[in-house]
Amino acid sequence: MIIIMKDNASAKEIVAVEKVLEEYGFKTHPIEGEKKTIIGAIGDKRQLSMNQILLMSGVENVVPIMKPYKLASKELQKEQSVIDVGYGVTVGGNKLAVFAGPCAIESQEQFTTVSRSVKEAGANILRGGAFKPRSSPYSFQGLEGEGLEIMYNSGKELGMPICTEVVDTRDVDLVAKYADIMQIGARNMQNFKLLREVGKTNKPILLKRGLASTMEEWLMAAEYIMSEGNENVILCERGIRTYETATRNTFDLSAIPVSKELSHLPIIADPSHATGSYKYVAPIAKGAIAAGADGLMIEVHNCPEKAASDGPQSLKPEKFNTLMKELDLIAKAVGRELL
Amino acid sequence: MIIIMKDNASAKEIVAVEKVLEEYGFKTHPIEGEKKTIIGAIGDKRQLSMNQILLMSGVENVVPIMKPYKLASKELQKEQSVIDVGYGVTVGGNKLAVFAGPCAIESQEQFTTVSRSVKEAGANILRGGAFKPRSSPYSFQGLEGEGLEIMYNSGKELGMPICTEVVDTRDVDLVAKYADIMQIGARNMQNFKLLREVGKTNKPILLKRGLASTMEEWLMAAEYIMSEGNENVILCERGIRTYETATRNTFDLSAIPVSKELSHLPIIADPSHATGSYKYVAPIAKGAIAAGADGLMIEVHNCPEKAASDGPQSLKPEKFNTLMKELDLIAKAVGRELL
Amino acid sequence: MIIIMKDNASAKEIVAVEKVLEEYGFKTHPIEGEKKTIIGAIGDKRQLSMNQILLMSGVENVVPIMKPYKLASKELQKEQSVIDVGYGVTVGGNKLAVFAGPCAIESQEQFTTVSRSVKEAGANILRGGAFKPRSSPYSFQGLEGEGLEIMYNSGKELGMPICTEVVDTRDVDLVAKYADIMQIGARNMQNFKLLREVGKTNKPILLKRGLASTMEEWLMAAEYIMSEGNENVILCERGIRTYETATRNTFDLSAIPVSKELSHLPIIADPSHATGSYKYVAPIAKGAIAAGADGLMIEVHNCPEKAASDGPQSLKPEKFNTLMKELDLIAKAVGRELL
Amino acid sequence: MIIIMKDNASAKEIVAVEKVLEEYGFKTHPIEGEKKTIIGAIGDKRQLSMNQILLMSGVENVVPIMKPYKLASKELQKEQSVIDVGYGVTVGGNKLAVFAGPCAIESQEQFTTVSRSVKEAGANILRGGAFKPRSSPYSFQGLEGEGLEIMYNSGKELGMPICTEVVDTRDVDLVAKYADIMQIGARNMQNFKLLREVGKTNKPILLKRGLASTMEEWLMAAEYIMSEGNENVILCERGIRTYETATRNTFDLSAIPVSKELSHLPIIADPSHATGSYKYVAPIAKGAIAAGADGLMIEVHNCPEKAASDGPQSLKPEKFNTLMKELDLIAKAVGRELL
């Protein structure tokens, strides 16, 4: 790390900072400028909080040099991770992953209908919500256990991995029993206890970006999961909160190349939650694939106007089918496979 | 609710919308403009999702008229809530509440030292973290159960209520056993399962505003707690995420008068987390009291440069003591009591 | 517009609001709900400020029904505008427009070198800055008049339209003499006097989105230009300000489909300013074309490390050349032409 | 500045960076860590763009050490500036400055009425808009020259300095002839040509913070004015753009202490534009004074429901009068004078 001293820092203050750094095993390299002294400090900063130095007399600022995440970074693993999610499907390889299904699971009949249609259109992973985080306590909260069984039946019938959200540490074991991929939703991205619990399982984790999380916080959330031993983390960009109200969130396309620069983890895009409107799902999905995403998560409902949750952002099966064909052309244009 | 039809909506589309509304028991009042028809619909919208209408052919937009929260609003209760938090202390009354203490509980000795000093300075509630949500899995995560006991001892010794955060549904019973006030942190503001669990206890809940939550989402989180039967919710503004990097978060002063306009719940301010720097704690604390806050939560540490967490935003006891005297003058200027 | 009265609004207050509305020629349609009365008002709201009603006793809110922009909307013109920018090049048609060149014009030699290379790679419009808005008064501010001549020479030599920014009402005539397309930069998007001045010329205007402007504000800025008689406005998404610091701005991909929904004006994307880093230009450019953008603006510099401005986001000519070939594949995949 | 090399930077790359730095007169101090080398560079960075180094092979990042503004910083002037604005009124001293008046000047009668009432209530500077930046081209744009005369008459009659906005470089001389203080509005904070023009006059400048400007950009805008020789700059916090919609903007209370930390320039607060609602003006005004603001700018209108602009945020004279008395108590509580 680098310690920037104040303009008028005294020699005594500079020595005091160096002394503390040395006590913690750092090698110090002071550099005297015309107005300021800066101190380069070489060592393992995990032993020492930057704050300790920041609060010392005469210190203006402390600049970290190393990234705070390790396992999620390219430091230890340079090549792209390819994650096996079951039934022969992978995320992160040349073939794109397409997670599709309704926002909420409403009944076996509804889920079977939608699942069959998305499979036919070319999706390779089923998605659906059994436990639903809803902003109102008066909204439908999901079928919970029953929903898990419904998904499980459809996954087995169609030979497709299923992905569903877990929202409570108490449910992790239950969800892990049914799901092939467990999802951590945007609102739980910094629910650290939940991250630790799913990190103790051996199921791949789909980690959605928090509503207003930075790339660094997102990779730190992945680090939480990975530090418990589960390295099968899939990132999912689903839009961030900004001042713009024309869409529900603002889809951050840059998250795709930036994550590829910083991490070996695969990343997919969720245009349904990012925009909140079925009208914008297709262009955002195409843009994400063109920019290098490893897959998509798209909400599909056979009757969006009767959906228990998030109808306005769901595609009807025939629109999803058309979109998959259009996406296939884009995938080929960037050297990937979709259908 | 009001349904705004598209410019070119046909008579058939308009009738279809009216029919669905009437099926759900709404009375409809179509108004034909030169370009557009709008439909006023009177009824209980909880039976019908706005989305159902929004997705119908010919519909441009649906505008809700009623607020989505009830218990947290002034609809059912107009007068300001005053919440009894134990040991004769209330939040929301004329006397201001001052929560003070270290970010993390590090040892009985540390907590006792800080607690005694903040009591002497005039604080009336002890705060401290036993379970710490930290952005890095490699940072100190709190003393957990041991920390609760330490707090409990100090509260009893000094005759002061204690407030501490709960981060996991599995810990709610344990924390409720020790704490007088349970805190829901910013990162868990939309951890709905946790909100429901604390809503089932009879302990007052300090509900921090989410990192990037709107006023409406915040009041909906309060509604989650209240809908389980626990109406003792205290709001806490702790800064929101914006593009500005000069402070860790941006303290939203308007949250104070806006919450007073929308809700009967008391609101306090946390200038320590809002700014991330001890240098800015005093001016923000003063501003909050002047603007009508019902209290403050301030981090105090006897040795901030050795704090296990958030040292840079902690005040030393002597600075806190001075600040309390300054705050007392402001409190008086707005007709409140502090010391 | 719709007037929502407060829960406890009196009959007298309701009548008073209706009376004012009727004075302004509105037809009023009160709807009495169980708790609230709402009033639908049909008429031309330009005669009456919503504020006048909003401040009347008993009024809770006023909801506008019509969009505030007309000329930029699809109300009067449904089909996509195709704008002729000279030398046989159009923006908004099936063939994509590619604006390329250096951030700042540094010399005839530099500009000639870059211009020739971008033409060879397939760009069809030259871009370059003669008047540079710089955040520091101590930074290079552009060659001004000399820069305009340099661009003009290159445009003529290569038979390509040139696009350059105008930053001062006093310079509009001068810039209009040389440029084929005049650019309004992000910082001037709400410099209304400048918008009016360029609206009085007959040159196509490239209107960059403001640093933190909503879609509506952006289209209102277009309306300013169009209301003076110049309807040749090209929108340019260049990233918005958010809390994320991994890129200089956050490229808002949704702006492309949203603008297509709301307006007939063509829209291009500027991945160079949106990201601030050459590393991310290619993926964002690809994503924008896949999502339906009508073109791109890309910074190219023969020697980015010596650029007078914005070097880190400039592509070297050979990288630009490769990118154009990749973009051509994406363009074809979405049914457009590039090369 | 500090240059952080990539993990795998070669000795050759390191030497190349040092060589360029030395060519520009920097003294270099390389520090070799276990994984990375960093290079401290001492010299005048105005000669060398950080970008030049940032783009060199093997360089990961460049960290500046010095602030980019000089005249606005405390480097050259440590004591608080006190700015004489005429008629014996100053901004930045112990006595608080209160700018009051209508958003737009509508007629001599209206302005005289409001001016007299605000003077009586204790305001010491008149504000009013003659040139109005409006988001719609169809809204009232101000009385322009006639408005300036109206203000001038009232200022002279009442012996009070007048403050009004200038929006076009072509109008600077005209406005300077009438106004005692010229205002640069939020939308023009980065209209650098306008900043330079007002910097050439000798009139105090009220510089509003841009809609989404950082503290650093704001101080750089002040630097633009000061670098032309006019050091009489008064900062004005008027709310920033965030995701929150409960208020028009989010008043950034921290801007007050942060500006005091970084700069010697006085700062006032504008609660009217910050909130957009008269209901929130009083609490924000009180909070700003308590936090250390040097004054306020408040919109007052004798008949807000008929105001040509921004009626909903204007106080009626009697409410303003009451507020001034309440503010006086807060001012005294923080050791300042108001009435």
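When the chains are written out, they are named A, B, C and D in that same order, and each has its own residue count from 1.
Quick note on the criterion: a contact is a pair of C-beta atoms (placed from the backbone, for glycine too) under 8 Å apart; a residue touches a chain by one contact, two chains touch by 3 or more.
Being a predicted model, the structure only gives us computed values, none of them experimental.
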Chains in simultaneous contact with chain B and chain D: A, C
Centroid comparison with chain B (C-alpha atoms), farthest chain: C
Mean-CA-position distance for chain C and chain A (Å): 31
Centre-of-Cα separation between chain B and chain A, whole angstrom: 26
Gap in Å, rounded to a whole number, between the CA centres of chain C and chain B: 39
Overlap residues in chain D, where contacts from two or more other chains coincide: 212, 241-243, 245
In the complex, chain A residues that touch chain B: 46, 49, 51-52, 54-56, 68, 133-138, 141, 167-170, 187-188, 190-193, 196, 210-212, 217, 220, 223-224, 227, 241, 304-308, 310-312
Complex interface listing, chain B residues touching chain D: 212, 214-216, 240, 242-247, 250-254, 256-258, 261-262, 274-275, 279-280, 283-284, 286-292, 326, 329-330, 332-334
Of all residues in chain A, those that touch chain D in their complex: 2, 4, 7, 29, 31-36, 38, 40, 42, 63, 65-66, 75, 212, 241-243, 245
